[in-house]
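Okay, so chain A shows up in both of these, paired with chain B first and chain C after.
== the complex of A and B ==
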């Protein structure tokens, strides 16, 4: 791995409470991130196993900006490989998802054929045609597999890594993140659909957003006004291994003191009573977990968010597309044993999340607001001091401790 | 299908409805938008990639006139987004079947979006699949699905299609 150039080093005094804006708007930083983070010792969401249910099923996705295909082989094992033909570099798989009945993945350019594991099985004209041409005698197909991605299946979810030293997935997550991951993935899921959002901002602005309970009650007015979530609700913010985090909250647990404080601040988000739904069926959910938790935002660095908001469940996959663009892929799910009623509640509540989500659409907007404003101010820093200066969680949601954790972990992995 | 019932007058009436709907949104008269639907209705904006494989997830899903009104209230008073305008271009309206006072209609659309920077982009392209009924003499949408090809939604979607 390359060493980090001096001019990209983090300002010493900044610690994890101030981030130089240059990290959000630099081609050099972006290239380093792809090398050290995305091609390094990190785990990346590739698919739910429900997305590749049959032998021969496949799904095209990315790790960072590297195209990757995840497959289920005829041995029922899950594999992944970089979608780049070992011959001359063409894309092998050109479909988003599907099923290869014969288990063969052939590049269209010269029809080099691979199996689900990514091993090269066939090279047309290997021995030439009528004695002419052909590959050299010492050509060994075993030496020309696709670039393989190490995978692990954890709680019906496929993760991939390029790193040789990436820790075991549960150890990578940390205790609380693993607990909440298992909680949401505690029984077989049913995929309900996908949406894709393309945002003109640096991917880390979005990472910050998913670790930021401070903004939730202030930017997302819809959320706050109906008491779905306010910073005054019972909840907690948890940091695991610096850059992973969990935010959880229970609706309907607001303290009167906290509400009074919010009224004193005259927050524009506090319009209690002014605004009523004509059709409240949108918010008529079911309490489906015994612990009463109605909101979980689990952020697994660098590229996955797993969420429960009311009865909506979704993976959000962060795919950087350059220093100032990323794609956010939402994969929505329910459980296989959902009643028809619960399934319909989920479908209706998807109005709350996703690119047109009544309580989530602003996250794309806020990311762009930041990106637009910082272009010429790389040497300036932001301020991340809500609830102190430590990179730790707390037993409440009025904190930026999780964002400090993100930057603490980021500096380590980037060697800044 | 009794093809003879699809008269020029009916076609013209359906096209008037499709055009007036688009005009209402493009003119930012969104408070009037729910009037194009029957009280009990279904309005969906759904990615083609879901629709084609039978997955139900939509980006907007309203199954009552009240939910349509709530969308408008939210975008006026709750949601935060850049100033933006839509321009719908409609084409190829076809009445695929009719049954007395119920008409199945398909048409294509392209929505251009323009923000404050003055750039117009092709924001969302797809087709409408509609069930139109005669409600007290007036044609209204009982069901309207905007099935979109442009599955890469730039930034966010707040205004209905």
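== the complex of A and C ==
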């Protein structure tokens, strides 16, 4: 792994409360991220096992900007490999989801054929045609497998890593993140669908967004208007291993003092009683967890967010596509044993999230607004001081402590 | 198409024209007026339709939900999203009578959007509408309009119905 060049290192005054804009606008930083973060000792969400249910099932996705395919072999084990033919570099798998009945993955270009593990099984004309051509006699198929990705299946979720020293997945997550991951993945899930959006902003603006409980009631006016989420609710923000985090809240638990403060500030966040839903069934959810928590945003650096908002459950996968673009893939799920009533509640509540979500569409807007303004001035820094200067969580939601954790961890892994 | 009267085809074309003009003019009341009291609206990615998965970008499954969509666009999100200009281009590709007073119609659509701040124009999405339309006294209304987008990856975010 290469050494971080001196000119990329952060100015002395920078740190987790003041991050230089070069992290969002530099091609060099982006290239370094692909090496140190995405090809380093980090775990990346690849799929829910429910997305590859049968022998031969596959899903193509990415680790960073590297195309990766995750498969279920005929031995029922889960494998992953870089989607790049060992021969001349063509994409082997050209579909997003599917099933290879015979377990063969053949490159269309010269039909080099691989199995679900990514091992090379067949090379057309290996011995030539009528004594002409062919590969050299010492050509050994075993030496030309696809580049393998190490995988782990944790709570019916497949993670992949290129790193040789990536810690055990639970250790990587940290205690609280692992607890909340298990809480949401506590029983078999059913995949309900996928949506995708392409946002013209640096991927880390979105990472910040998912660690920022402070913006939710100010930017997402549907939230505030109908009382789903306000910063005055009971909740907490938790940092694990610096760059992973959980924030949770319970709706209907606001303190009178906090509400009074918000009224005094005349924030647009508080519009109680001004509007009523003609179809209240949108928000008439079911309490499906005993702990009363109605919102969990679990952020697993660098590429996964697992969420519960009311009765909506989803994986959000952050796929960088360059220094100023990323794709956000939402994979929605319920539980296999959901009643029809609960399933219908989920389907309707998915109006809240996703690219057109009543409480998420504005995140695309805010991310692009940030990117638009930081194209230059890489040495200038932002200000991340809500609730102090430490990279820690707290027992409330008026904080940027989780974002400070992100940058503390980022600075370490990037050696900036 | 030959079995349907010109009046029926015209009524369906007029309804679609009212619909796309309402959205292009950001006239949400006009958009709502295209639906019957039993009307509903779905905006869904083609990949979910193909895989038999139910998740939609927008699932307004009753008239009251359509009314709430109007409130959301007009009153609630007014400060927090960019008011991009849409232009819808549509073409009727199929129309069949399902039962007396009800037709099924399919339109192709391509929708451009122009950002108000940059004035750049890009494609928002391309796909098809699958409609169930009721006809009463020569007037057509959507019982259901389902917008299925081939563009499974949408640019930015979607603030308005298409």
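Everything that follows uses one rule, which is that the second predicted complex is superposed on the first by the 416 of 416 C-alpha atoms of A that agree within 3 Å, B and C clash if a C-alpha of one lies under 4 Å from a C-alpha of the other, contacts with A are read in each partner's own complex, and residues count from 1 in each chain.
Throughout what follows, a residue touches a chain if its C-beta (ideal position, glycine included) is under 8 Å from a C-beta of that chain, and two chains touch if they have at least 3 such contacts.
Treat the numbers as computed from the prediction; the structure is a model and nothing was measured.
When the two complexes are overlaid on chain A, chain B and chain C occupy overlapping space and clash. In the superposition on chain A, no contact is made by A:319 with either chain B or chain C. Of the two partner chains placed by superposition, A:46 touches none, neither chain B nor chain C. Contacts of A:351 after superposition on the shared chain: both chain B and chain C are touched.
In the superposed model, A:397 makes contact with neither chain B nor chain C. In the superposed pair of complexes, A:275 makes contact with chain B and with chain C alike. The interface of chain A with chain B overlaps its interface with chain C at residues 96, 191-200, 219, 221-222, 225, 275, 277-279, 282, 327, 332, 347-348, 350-351, 354-356, 358, 361-362, 364-365, 368. Interface residues of chain A, counted against chain B in their complex, comprise 96, 191-200, 219, 221-222, 225, 271, 275, 277-279, 281-282, 327, 332, 347-348, 350-351, 354-356, 358, 361-362, 364-366, 368.
By the touch criterion stated above, chain A contacts chain C in their complex at residues 96-97, 191-200, 219-222, 225, 268, 275, 277-279, 282, 327, 332, 347-348, 350-351, 354-356, 358, 360-365, 368. Chain C makes touch with chain A in their complex at residues 43, 45, 47-48, 51, 53-62, 64-65, 67-68, 71-72, 75-77, 79-82, 152-159.
Against chain A, the residues of chain B that register as touching in their complex are 45, 47, 49-50, 55-67, 69-71, 73-74, 77-82, 151-158.
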